[in-house]
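One chain, chain A, appears in both complexes that follow, with chain B as partner in the first and chain C in the second.
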Partner chain A sequence: MGFKKYLARKTGVYLITFLFAVTLNWLLPRLMPGNPIEGMMAQAGTGGVNEALIEFYEKLYGLDQPLWKQFVNFWSSLFHGDLGYSILYRAPVTDIIRHALPYDIVVLLPAIALSWLVGNWLGAIAGKNKRYDRYTMPIFYFLASMPYFWFAMLLVYFVGVELGWLPYQGAYDPSTVPSFSAGFVLDFLKHWILPFLSLFVVMIGSWAIGMRNMIIYELEADYVRYLEALGGSEKLLTKHAYRNAILPQVTGLALQLGLMVAGAIATEIVFNYPGIGVLIMNAALSQDYFLLQGAFLMVVISVLLANFLIDIIYAFIDPRVRASYTEG
Partner chain B sequence: MPRRSKLDTVKIAFRNSKFRFGFGLLMFFIIFSLVGGIFTPFSGDGLYYEQIPNTTVKIATYSQKTLPPMSEETLITYLGKEIKVLHILGTDAFGKDVYAQLVQGLRTSLWVAFLAAIIGTILGITIGFVAGYRGGWVDEGLMMFVNIMLVIPSIILLILVAAYLSARSPEVQALIIGITNWPWVARAVRAQTLSLKNREFVALAKLAGQRDVKIIFGEIMPNMVSYVFMAGILQFSGAILASATLDFIGLGPTTTVSLGTILQKAIAYNALQFGSWWWFIPPGLIITLIITALFFVNLGMEEVFNPRLRRGGE
Partner chain C sequence: MKKAIAMGLVAIFLASLFGAGYGLAAESLPRNETLYTANSAPPTNANPFTGGSVLGIDGLVFEPLFMFNFMTGELKPWLAESAKWVGDNVFEVKLRSGLKWQDGKPLTAEDVKFSYEYYEKIGLRNWGNLGLKEIKVVDDRTVQFIFEGTPNYQLWQLQMFFGWGQGALIVPKHVFENINPEDIPKMTFTGDEMKYLVGSGAYKLKEVVGQEKAILERNDDWWGVKVFGKPGPKYIVQLYVTDNNQAANMFIKGDLDVGTYYIDIVSAKQKNPKLASWLDKYPYFPPVAPVLLYFNTKHAPLDNPKVRRAIAMAINPYQIVNQGPISDLPKQVPFGPGLLTKWSDKVGIDGLISQYGWKYGDVAGAIKLLDEAGIKDTDGDGIREYNGKPLKLKFVTCAGCNDWLQAGEIIANQLKAVGIEVEIEKGDWTNFFMKSLQNGDFDLALHWSGTFQPSAYAVFNMLISKDGGANYGKYENPQVDQILQEFGKTVDENKEAQYIKQLCQIWLQDVPAVPVYMATLFYEANTEYWTNWPNEKNPYGVPIFWTNYGTWGTALALLGVKPAKAPASETTTTSSAPATTSSSGPSTSSSSESPASSTSSGGGGICGPAAVVLLAAVPLLMRRRR
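== the complex of A and B ==
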């Protein structure tokens, strides 16, 4: 019973956030100075600015209608899965994004999940062991301070260029045709390792720092002292501290998502990995506003969904949330 | 709780080794960005300028060679003079001096981050404070807004706004970073305000009939200074990272060099493939070290203000 209430409340909050984000996506371009149509025409190379052509495009995009109507139209086409037409790629935005999204998922999801596990593990050891802590903490801080894309550049330079061990451009060899053959899968994996590694390694740093601080804090807590006084083994103490320390790390997962998205966008550019990041860069640099807005929407939706999932998981693993919703 | 004078706090902070390390490193980069230019004859854009006699006109000398660090080059200027110059960190693909660009880029990046941190912190303090102090529906509404802004990845907002601006100065970049970065501060300040406003000394001030403004600036603010300062430092490091990412995507300042734009140029002109490591390793290393330094300043301050965190023998 109670869980339903929790779910309903969370759904409500995320719906409002979604409404807000979409409105912002619609409003921001209209608040900005300059006329995007002129910019787009200059990019498309239609030969200078032409009054009749501007009028034609304004009509085409419905910009001659009153603002409220534009807003309604925006929502209606959104629900029809119509995000406009990309001038740069000469294809519907929805199609372009659908082709790019799998690449993001394939790199980001394993990087986030594995770095979270490994980072928490390393951080917990550091929190417990002072001598180990002394040597590893500066490394973790250095890792956490690195811009993702710079570490990606280092990997490309040292592993890709100098050593020549792995390919570092694109998602697969351009001379091969995507298929489920062993050769292609191997080639795909080879191209995947460096982008994955660049995100994975940098992410470890911040997870380890968070976990280490939480463990130190929890080991000082009264319940651990009490357990110690009762004669609990060190293993038992750590187990209890770890269980409490892991909860904020789950919340941290949701909070770090935005930064990770930023890192992933820049990292994809380094590797020319054909995900949303490269799309965003190309769209931004060639003023392809439909594509840019579509990519914005896609990122926001993904982040909201991920947050929602984390909230649900959190409700299951945190007994306090569970209790407050099943009793009340 | 007895009040410590501010000077004492500063003294204790400097006794903390983490704070000293971070602060020292940060100071080094700030000073370097200001005076680093005197070690090179090149101007901030990496070119050698020569003044034409009897005019105010300056003409740049271009060379096309990509040179490794510490290499000397003989430039033939517009007036036909031969000048021997030293490229401390080599040159990029356009023959521009990397060291000179690095100094200028560092100055831009620090300036952007500083401005953005100020804007973000002030916005965050104001909103967090009003929410916490007023309470009720004002609090609910503002916190709803804060939570929404926290979930939407700010980089994507930054990209959207920056893409619509065809000419971008560092100040404009700082402004857009500042107005997307504040929610963290707002949340932290609200939490602090909530815990402070129910303390005895605030109740006492209220009983004494003091006005809200006086209570806020006289009673609550002084107890939050350290907190706000630390939030500001986090804003600073967030802004450095955000501006570098934005620059790297190609949406950086169009009017000057920054650390991120150096990296963007390096990628765009295949510095990785040609092995010009001196072009892309120093800017990224500086960004990393600045953020590390800020981390340590924050850690040190946390330990100073919250002695429980100190780990024996420090």
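== the complex of A and C ==
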């Protein structure tokens, strides 16, 4: 009853947010000074014959039309599932994103999920155990404040180039073509380890710090003191504190997962890993409206979806939220 | 729990591979039959008309009538056996005999006619601008381009090979006549559309993998085997590498054979002695075109040739080459090494320079000229006054163009020595820099687009003709336009030399712009697997490994490389193919693939998580004790 209303209201809010965000995605790149076609010509380094070519390409991308018409065209093609044609890469945007996205997910999803699990676990222990806390906190702070591309570069240099233990560039060996053979999967995994590690290790730090602080706060809370006074076991205390402390971490996880489709630009550059981050960066630099729109559309959708799911999940894992809508 | 995560991970890998839609059987290309190159843009588009992002579509897969060698300025007959003007307005191309498409059908004059017309139908070319009226097929091997009036022979010559907005590749009529030319601009010619890529060239596009690489495979049935010989590499793989450091690592390890990347070639050579470039000594990289210092000839006092000459004299390119960007010394004429090799002796460029030119770094001479022009330092602050105001020149450049910024600062210092103040302003490329140039809102600027041109005619036409595409200084001289008009009516070398001589003389006397340094391209080649790379002594090909320069000489280079070792019979196609390299002697550590290192690598990979687990285990043990 109440839950349905809650769901309907949330859905409405998210829909409006979606329309607004997508419109901004369309508008902002176009407000940037400059013209992508002229930029393309300037990069090609040709003079003279350009007028005809500029006209040709502007017509091709529909950039010769008035802005309001471009906007209408954008929405109509969006509902036909057409994200347009990239100016920079000269291929359909859907193709580009479809090829790049799996690589990001393969690296980022395990890195985020595992670092969340491990980080929360380590942080919880640190929050309870002072002696352990003293040794591990500096490490966590070091990890959390370490720029992840720097750590990635260290990995490339020492593990990849100097020691030669692991391949340090690309998603698989240059001489192979993706396939389902055992050899390729093994090769792929070998190439996956370093980018994964570079993100995983660095992410542990911030999750652990967050969890540790929350646990300390919760262990001081009245309900825990009361439970302690009643003679509850240490295990029971921890269990209750942990459940409350995990809530903000869940929100953080959802946001991280939502942003996953934006890729990890620096990691992709350092490991030359094919992903969407570098695409977005290049698209922004060369004002590739269509690729930017497409990529940010993915980001908007996944962030909203993640938030939406979290809103729903919260209703189940946090009794306070549940109470607020069933009573109201 | 952990098992579930592990399972989940495996599922994600498999799902993502499925999702990407790869369905090829396992294979790995034998290293010593494969040439690896790379580009900073991913291969996404193999369109032979708009110019895609796959190296070799122009030149290796589809071919032009003539190949151009940018480093020597020479046009090499390719599909055409010969071409000449048989009348004032009729250009006749005679094709070679025995030309055929990769599907076995013969390549005839009909295909040539079709191709040139098809480019126009797509909207990419307007041959009418050049006066082309009709393309006539005379017989299977002869085609005539018929013009209205007398065409510009010099500009038409540039349409024999393919570039941005210029020329055409010959495509098969029997394939493309069924495709609506309006569909072409948005076709990528990858995936299903790859079937249309029936070229005539030495290679076929075998596969484009995602945005990661393109694989070309040799066409052993190529018509050119008899004429030019069989190309060396069985496969040419184009990888996608954005980062210069990454490329440097790959060159050092021998994973890349050739490319255009800005790497520290000296230190890379120390780590991998098999690396080569264009020159054996500084600047190592191939010099290609002079960078010009433009004067805005509409702004006083730069409208005075004497003042321009004084500035030219005050500039010292030796200092720029030594302290500025990687570069070489320029000549005073706006020619790169290619055009210099071609014309130096025929025109007598050195003689012209000593007769009409100036002396670089001649501060005393510059001061004398400025004094003569009546621009003197009247208030004694070290800066000359012009019409009562201090002579301050605005130098514009793009903020990201580090080479130009460096050179600009050196030039500013050099001009200060003769009493001219230079103010450097920078901004983004399109909106600030190019806009300033087009609107004439500058005094001085550096650029090379006018000198990075295929012919002497094109250079002067771009730089000093009234509407020249790179005449940023708005230099006007009716005499130049007249000479260019005459120049356009001839393809006779002796006459050409005559006109070039006249134009060089005007250039040197009038100083519409000053060459300040010879810009280099980046080029590194690995001789471990492939040798006979083009270099200064053997410039049979062009060291530009970018897309869309295929018919400017890149294809010639890729067709000219030879295997470093005779293709042995030991090329068993297994994943450990590079094991053969161990016999080649000193420290060729391509270890990432050898089976021995792969086992150790597994250990290395587990190390990280193991450390974390260990870290976590310590407090657990401690807690038990409590």
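The rule is simple: the second predicted complex is superposed on the first by the 283 of 328 C-alpha atoms of A that agree within 3 Å, B and C clash if a C-alpha of one lies under 4 Å from a C-alpha of the other, contacts with A are read in each partner's own complex, and residues count from 1 in each chain.
Everything below uses one rule, namely that a residue touches a chain if its C-beta (ideal position, glycine included) is under 8 Å from a C-beta of that chain, and two chains touch if they have at least 3 such contacts.
Computed from a predicted structure; not experimentally measured.
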| item | value |
| --- | --- |
| Room on chain A for both chain B and chain C (clash or fit) | clash |
| More chain A residues in contact [chain B versus chain C] | C |
| Partner chain(s) touched by A:Val156 [first = chain B, second = chain C, both, neither] | both |
| Partner chain(s) touched by A:Ser206 [first = chain B, second = chain C, both, neither] | neither |
| Partner chain in contact with A:Ile269 - chain B first, chain C second, else both or neither | both |
| Which superposed partner A:Gln256 touches (first chain B, second chain C, both, neither) | neither |
| Partner chain(s) touched by A:Trp165 [first = chain B, second = chain C, both, neither] | second |
| Partner chain in contact with A:Trp121 - chain B first, chain C second, else both or neither | second |
| Which superposed partner A:Thr238 touches (first chain B, second chain C, both, neither) | neither |
| Part of chain C, among the options 240-248, 276-284 or 546-554, whose backbone runs into chain B after overlay | 240-248 |
| Touching both chain B and chain C, residues of chain A | 33-34, 39, 156, 160-161, 168, 269-270 |
| Touch list for chain C against partner chain A, complex | 5, 9, 12-13, 16-17, 19-20, 22-31, 34, 36, 41-42, 44-45, 47, 50, 52-53, 123-124, 126, 163-166, 185-186, 188, 190, 207, 209-213, 215, 237, 239-243, 246, 249-250, 252-253, 255, 428-431, 434, 448-450, 452, 461-462, 468-470, 548, 575, 577, 589, 591-593, 597-598, 600-605, 608-609, 612, 615-616, 618-620, 622-623 |
| Chain A to chain B touching residues, read off their complex | 13-14, 16-17, 20-21, 24-25, 28-29, 32-34, 36, 39, 130, 141-142, 144-147, 149-151, 153-154, 156-157, 160-162, 168, 216, 220, 255, 257-259, 261-263, 265-266, 269-270, 280-281, 283-285, 287, 289, 292-293, 295-296, 299-300, 303-304, 307 |
| Chain B residues touching chain A - in the complex, by the definition given at the top | 144, 147-148, 150-157, 159-166, 237, 241-242, 244-245, 248-251, 263, 266-267, 272-273, 275, 277, 280-281, 283-284, 287-292, 295-296, 308-309, 311 |
| Residues of chain A that touch chain C when the two form their complex | 33-35, 38-39, 41-42, 44-50, 52-53, 56, 59-60, 85-86, 88-92, 95-96, 98-100, 102-103, 105-106, 109-110, 113-114, 117-118, 121-122, 125, 129, 131-132, 136, 139, 156, 159-161, 163-171, 173-181, 183-185, 187-190, 193-194, 197, 200-201, 204, 269-270, 272, 274, 278-279 |
